[in-house]
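Structures are listed in the sections that come next.
Shared between the two complexes below is subunit A, which pairs with subunit B and subunit C, respectively.
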Partner chain A sequence: MMAVSLEGVTKTYGAQRALDSLTLGLSEGQVTGVLGPNGAGKSTLFKAIVGLVRPDKGNIKVLGSKPSWQVNQQVAYLSDQCRWYGSHTVRQAITYAAAVFPLFNTERAEKLVDFMNLDRQATVQTLSKGQEARLKLIICLARDVRLLLLDEPFSGIDLVSREKIIQGLIESFAERKQTIVISTHEIQQAESLFDQVIFIDLGQVVLSGDAETLRQEKGSVESIYRGLFQ
Partner chain B sequence: MKEFWALVSNTRGLKRIKKDDSFRSTLWWKIYVGFFCVLAVGALCYGIYSGAINPSFQLILIPLLLLLAFIHSLAAIKREWSGQTASWWLTLPYPRSELLLAKLVGIYIRFLEMVVWSMAILILIAVAGVLLNPILWTTQVIGGLTVAAVKDYLLIATASPLVIVLGMLLAVIRHSRLRPLIPPIWILIILLISLLFSGKAMAAILPPSYLLFIRIVVSLLLSAIIFGVTSYILQEQTEL
Partner chain C sequence: MEEIKAGGITFTLDLSKPLWEQVLHQIRGALARSDLQPGEKIPSLRDLAQQLKINPNTVMRAYQELERDGLTETRRGQGTFITSSQQKISEVRNLLAEDAVKAFVQEMRVLGLRKPEADNLLEEAKWE
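Presenting the complex of A and B:
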């Protein structure tokens, strides 16, 4: 059963082709790593799944339907370039998220706030980049949704924050079965999370498969990445 | 409804992110702010006493509220992009028309707050006028001033929904594929406002007794149409 399927999806920005007849499927209940160099089309793929961009050609099915606000009830999306509302405190951010996101689990969010060592009284504006990244991740992980999309969740974040985030992800996976899609350049640290890996370049799938099988056949995911894109 | 009011209250609470505003809590900042407040009140009192600020002068301030409403509505949408929160906002599991409606309500509440503040300031100025310059600020003048102020407030109450949705429309177009249309839309907006709210132009078309009623109906109708167009653009023509 596919949580997300794309058939011949093309998206262009002027002369640049971000997705080029992209066809892929993301299996339900699995953690998929979407890997590729900058400009490969990873972020456009995520945006197309949540309906932030419209493909010029092709079909996208997310949990059996076309991308829409209705489908987004079951999708948590963390953009690679987003910030949280600067005037909120951590507590207000959780309260706001609980009010606007259906299926938001406040209890889990509170546990994650403690686990990620965030001060509830601190305003987002005063948080460091790593602390804000943890808060954004908490808001996504506390949602009991079927599909979780994390675009570069470790980008520009210090080692300690990164380890906290990965630990948070592992604990979240252990608690419930979700379809999780992560794009990252921190392959070495994140590769233990992946069940499935998709390598993308120039808007096309270069290689995909079961992470364990690929490791057995070609070494680590990181070495495959180096072989493909160096 | 819970989510709608959360969105409304978030619109009202959205502030421009400042890189560093810790200086606001320092003593020297408080001293400067206090000094400038005293200076402003002093200048106002002197203006009233010397006759430089006369009763009709303050009526100029009321239409400025419309400009503030326009700027505020433009900023409320723009801030989602400049604050990099647009991806959260646009992927919320609600129709984009609902997201915009929440913005509209939030902006309108803020506008009403500004109206109340402006009324309070006008009353204070009138009281100061009566106390400091009773020759110029007579009861008769204050009465006339009140009638003129009520008319002005009615005018801005009529025009405010239209001005707010126009601000929202421009902000949304700015982040859509229709961005090249902004200059002609500005021209259209200026023409529309000047036609609808210039007394002469409307009086030439309609008898004066109908003016206010017609203005209200046309303004609300246009606001609804423009809101629909803005929702469509945000839904169908806006990408991130």
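Presenting the complex of A and C:
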């Protein structure tokens, strides 16, 4: 079963093709790693799935329908550029998120705040980049949605925060099976989380498959990445 | 590669090989060496995934295989336990020993040795 499928999706910005007749499927209940160099089209892919980018050509199905705000109730999307309100404390951020996001589970959010070691009184502007990244992830993970899209959840984040985020993801995934899609450059640290891997370049899929099968046939996901893009 | 201890078992995972097989082999090894005792409880799926920082599906695949081989049993609401059957444990030990012998024979053949020469070497090998 595919949670998301794209068929021949093309998106151009001026002369540049961000997505070039892209065809792929994201399996339901699995963790998929979307990997590729900067400018490969990863962020555009995520934006197309949530309907922030309208393709010039092709079809997208998300949980059985076209991208729309209705479907997005079942989608938690961590954008590579999202920021939280600086004056909110962690506690206020959770209360606010509970008010604005559909299917927000406050009890889970509270558990994750403890699990990821965040101070509830701290205001967002005093948090380190890593702590803010933890908060943003908590807000995504606390939603009882079917699809979780995480664009670069580890980028520019210290080692401890990265480990906390990985633990938070494992905890969440062990609790209930969601479809999780992660784009990252921190392949070595993240690859043990993936069920499936999709390598993208110039808006097209270069290679995809089951992570364990790829390891069996070609070695670590990181070494495959080097081989493809070096 | 980092060594990780979890519930009496030492794991080292190599990202260039399938992870579920390594988890499976390393638990079997711990059983054969008696690092794990018959009837002993092993970490829950979630705890092991957490400690090894791997996808819970990967641990599940290894645990399912152990259960299928009769090496573990899952008791509802209590967790997963090593079999109390000594016979099953001896079987694993024998299987692992056979694998080690096969690997030894293969190495000797690569080095161009024949059976009598290898037998002599084995005869002379120090066990203490």
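Here is the rule we go by: the second predicted complex is superposed on the first by the 230 of 230 C-alpha atoms of A that agree within 3 Å, B and C clash if a C-alpha of one lies under 4 Å from a C-alpha of the other, contacts with A are read in each partner's own complex, and residues count from 1 in each chain.
The criterion applied here is as follows: a contact is a pair of C-beta atoms (placed from the backbone, for glycine too) under 8 Å apart; a residue touches a chain by one contact, two chains touch by 3 or more.
Just so it is clear, the structure is predicted and the values come from calculations on it, not from any experiment.
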item	value
Clash or fit (per the criteria above) of subunit B with subunit C on subunit A	fit
First, second, both or neither for A:Phe101, with subunit B first and subunit C second	first
Partner chain(s) touched by A:Gly51 [first = subunit B, second = subunit C, both, neither]	first
Subunit B versus subunit C as contact partner of A:Ala174, first or second or both or neither	second
Partner chain(s) touched by A:Phe229 [first = subunit B, second = subunit C, both, neither]	neither
First, second, both or neither for A:Ser220, with subunit B first and subunit C second	second
Three-chain overlay, closest Cα atoms of subunit B and subunit C, distance in Å	27
Overlap of the subunit B and subunit C footprints on subunit A, listed as residue numbers	none
Subunit C residues touching subunit A - in the complex, by the definition given at the top	13, 15-20, 45-46, 49-50, 52-58
Touch list for subunit A against partner subunit B, complex	47, 50-54, 69-70, 72-73, 75, 77, 79, 81-88, 96, 99-102, 125
Residues of subunit B that touch subunit A when the two form their complex	2-3, 5-7, 10, 13-15, 17-18, 83-88, 90-96, 239-240
Subunit C contact footprint on subunit A (complex, rising order)	30-31, 163, 166-167, 170-171, 173-174, 188, 191-195, 212-213, 215-216, 219-223
